[in-house]
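Pasting the structures in now, so scroll down.
Both of the next two complexes hold chain A, though its partner changes from chain B to chain C.
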Partner chain A sequence: MAKVFIYPANSLILADLIERFGHKPLVIMNQIREKVTSISLDSPPLNITPEDPKLGLRYAAIEVPPGVRGRMALIGPLIEAAEASIIVENPPTNFGCVGCNRTNELMKYLIRSKGVPVLEIKYPELDEEAHDFVSKIVEFLKSLPKEKLGHDEKVADKEPSEKETGK
Partner chain B sequence: MSSEELKPVKIALVSCGSEYSGVQPEFESAADKVNAKFVYPEIDIAYMDTISRDFGLEVASGDLRLMMARAKAVVEGTTNVDGVFITTCFRCAEGAIVRNEVRRYIHKNSSVPVISYSFTERTSAGTLLTRLEALTTIVRHKHLLTREIQSGLTAGIDSGSTTTKAVVMKDNEIIGKGWVPTTKVIESAEEAYSLALKEAGVSIEEIQALGTTGYGRFLVGNHFKAQLIQEEITVNSKGAVYLANRQKGSATVIDIGGMDNKAISVEDGIPGMFTMGGICAGASGRFFEMISKRLGVDITDFGAMAVKGMQENVFMNSYCIVFGIQSLVNSLAKGASPEDVAAAACYSVVEQIYEQQLQEVDVKEPLILVGGSSLIEGVPKALTKLLKLNVLVPKNSHLIGAVGAALLASGFVDE
Partner chain C sequence: MCLLNITWVLKEIRGMNPSNLKFPVAEERQKMTETKNETVTKYIVISSDKVLPSDAAMKIYESEFSVTVKETCFGLIVTGPKDEVQTVIERIRQLDKNHIFIKDRGFPAGDKRRCRATLGGGPRPGFHFLREEVKMLPAIGAALDELEEKAPLREKLKEKSRIKVSVLEKIIEEELAR
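Let's look at the complex of A and B:
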């Protein structure tokens, strides 16, 4: 099983595909779930406090706006944990979007420069392209090592573990 | 509390994702204090992919496209709100472009009051309070703001960061004034108020209604049991157009205060767009105090000195008060005349206001300059030169907050 970082970082379709092929999607939703279910924090709606943009300083300097650093406080640990990545270029908003293109630029740069296998693929606009899009992703996922898990059939049923998402 | 006060004001929060920046609780806290509630205009997610073309501004960030879509929802009436708060991250160019254009778009196409702000993770509820208070006042008390004549015997106290001003007014005339440096907030207010009462020849018991404004408005207002406790944006807009006798039509008010500046676009005496702040004290009245102290002249003589000088002879950029003072020291060391330095200081402050604040409001004539710094003659001169507009400095321009408060408080006399 490989931990696969995805772009857009909240794409449910990509996350589902990755799980179906026995790997672990690293998605921002798990990070947010951990935030909003943590006790002792009261900063709704996402429980992101002024401390988070400070944690984001690990990925971006102080002159980078707090919205980027706050997002990177969630996304950065996923990139650190990533063993592979799929980047979908030009996706429509309903495919996934974290809202800030400066964050997008930074996260794509960081995952590309990490040296892990990265599949970069354009979002399909036609049916034929869609088949090709899925095939390429499947091919990429099949090429990733699975030995750590060893029981692929259970992965699709398994709830993603928060502890495995790179924290 | 009136029924108007009890009803929450619905403010559309149009932001680039403030929930990711750690400031959302501060926004909510400031809104709570003025009994306002943030709402998020609903839009169809598919609209996000076409909004750039519809709006005409192509941006890459999804949340900025969401801002445009939400602004359209407000203008088209699919979301019913009382006001709009537009906010993006400080230092984001893409965000700043969208923030300004969305603000202009709403202002041009609807009558919904709008404020905009760029936040950092250190933005506090206190910073936002005055802005949200002004926004909710425009919504709740429009009838109060339409008052053009002071009636009865009323008083106003402006508890500012640097000076405290008080006036007593009777039947539309100022009959007593007090102006003292702010040291302890209540003691300074008592002193200024006593001076105004003494000059007016009336006792505190005779005052029919009192209004307070400025940084110390709550403390002073509660101390004197004021009928009106109101932020400076509303009060100063009203005071400025009243003193300048420009209550009808458009006007732009620039208030250079001791600690911050305000630029307010006013229509029929009611504030529309406004900005508050300044990056550093280098763009406020505090800078004049420091420069005059360094030049060894009294602040009251500083303006006349500046008028005699040539600003072009001295390079000064008071973007930061420390660098501004360095420029001053360097200039004097090179032999610059104190007059040229004083002129450069005036020009530098108005340049900061132009660069940081006037970009965010529509400047419409007349331009009314108020606040203590308006009495420094070099300031209106520099502003006229920079903006190439006639600058109006009304009589008693330094008392604008106190006059505005006394004027608005007279609404309580009738009640």
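Let's look at the complex of A and C:
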């Protein structure tokens, strides 16, 4: 079972497909749950503490807006844990909490430079494209190892082929 | 003696209930004894011609699991202990495997920080993206159906052929079920 990071990080379709084919989706909702359902809330109501932007400094410099660092405090640990990734380009809605384009670019840059297998596909707009979309994702998920990877194996598999990156 | 005086003053003069008071030491002790509660919340998004959100909700009510269920326009929100929620969602998924989609949710069902009733109406944060994805679910479900039939998807799109009887039967059943 591989841990698969997804972009958009809150996608229903991607999270469901990954779980359906026996892998673990790394989604932002789990990070949010950790924060908002802790029994002892340090900073109610959403439990955002001064430590969060500091955690974000591991991924973005101090000159970067605090919103990016705050988001990276949640998303960064997911990228670190990722063993594979699916990036969907041009999702229809990129506003609200996931609408920070600088964070999205940084997120995609970090996951590409991590060296794990990455599938990059376009968001489907027609029904025929949806079939292609699903088949590509299923093929990619089937190519991932079912067993949990050790650290050394993960490093050895770091070189993604051109086919995997979808280019 | 001193503590008794304080509680008497608070109760009689200030009108406060002493049982609601928490002293710093007591709070620290409480934190130390707390264990992490493994409560999870899942969205069940139903895009099926056969199953309605109310059917899925009834299926959960009939079960013995102690989970909280909230019925919505797109499906259900289920909150409860991790193992029980996992079992419940697997059972619900089996009602129409390729047309019921599930994802995690951070906030529990009916949480005041997200519930529209307390936020003064309007769509809750996160609904817009879900609504956009729900539009694509019929096509994604159909693709999963074809994948299950072990048909090579790309070739099937190109070739033109007569519709199979089994497929026609399925379409008729779906239309009649509406």
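One rule holds for everything that comes next: the second predicted complex is superposed on the first by the 139 of 167 C-alpha atoms of A that agree within 3 Å, B and C clash if a C-alpha of one lies under 4 Å from a C-alpha of the other, contacts with A are read in each partner's own complex, and residues count from 1 in each chain.
Just so we're on the same page, contacts are C-beta pairs under 8 Å (C-beta built on N, C-alpha and C of every residue); 3 or more make two chains touch, one makes a residue touch a chain.
Since the model is a prediction, treat every value here as computed from it, not as a measurement.
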item: A:138 touches, of chain B and chain C: first, second, both or neither?; value: second
item: Contacts of A:53 with chain B and chain C, given as first, second, both or neither; value: first
item: Partner chain(s) touched by A:45 [first = chain B, second = chain C, both, neither]; value: both
item: Chain B versus chain C, judged by how many residues of chain A each one touches; value: C
item: Partner chain in contact with A:33 - chain B first, chain C second, else both or neither; value: second
item: Partner chain(s) touched by A:127 [first = chain B, second = chain C, both, neither]; value: second
item: Touched partner set for A:67, first chain B, second chain C, both or neither; value: first
item: Partner chain(s) touched by A:117 [first = chain B, second = chain C, both, neither]; value: neither
item: Contacts of A:10 with chain B and chain C, given as first, second, both or neither; value: second
item: Which of chain B and chain C A:98 touches, first, second, both or neither; value: both
item: Common ground on chain A, meaning residues reached by chain C in one complex and by chain B in the other; value: 45-46, 92-93, 97-98
item: Touching residues (chain side chain A, partner chain C) in the complex; value: 8, 10-13, 15-17, 19, 27-33, 35-37, 39-40, 45-46, 91-93, 95-98, 124, 127-128, 130-135, 138
item: Residues of chain A defined as touching chain B within the complex; value: 42-46, 48-54, 63-71, 74, 92-94, 97-102, 104
item: Contact set on chain B toward chain A in their complex; value: 16-25, 28, 45-46, 48-49, 59-63, 65-66, 88-92, 94-95, 119-122
item: Touch list for chain C against partner chain A, complex; value: 31, 34, 36-37, 39-41, 43, 45, 101-108, 111, 113, 125-126, 128-130, 132-134, 136-137, 139-140, 142-144, 146-147, 153-154, 157
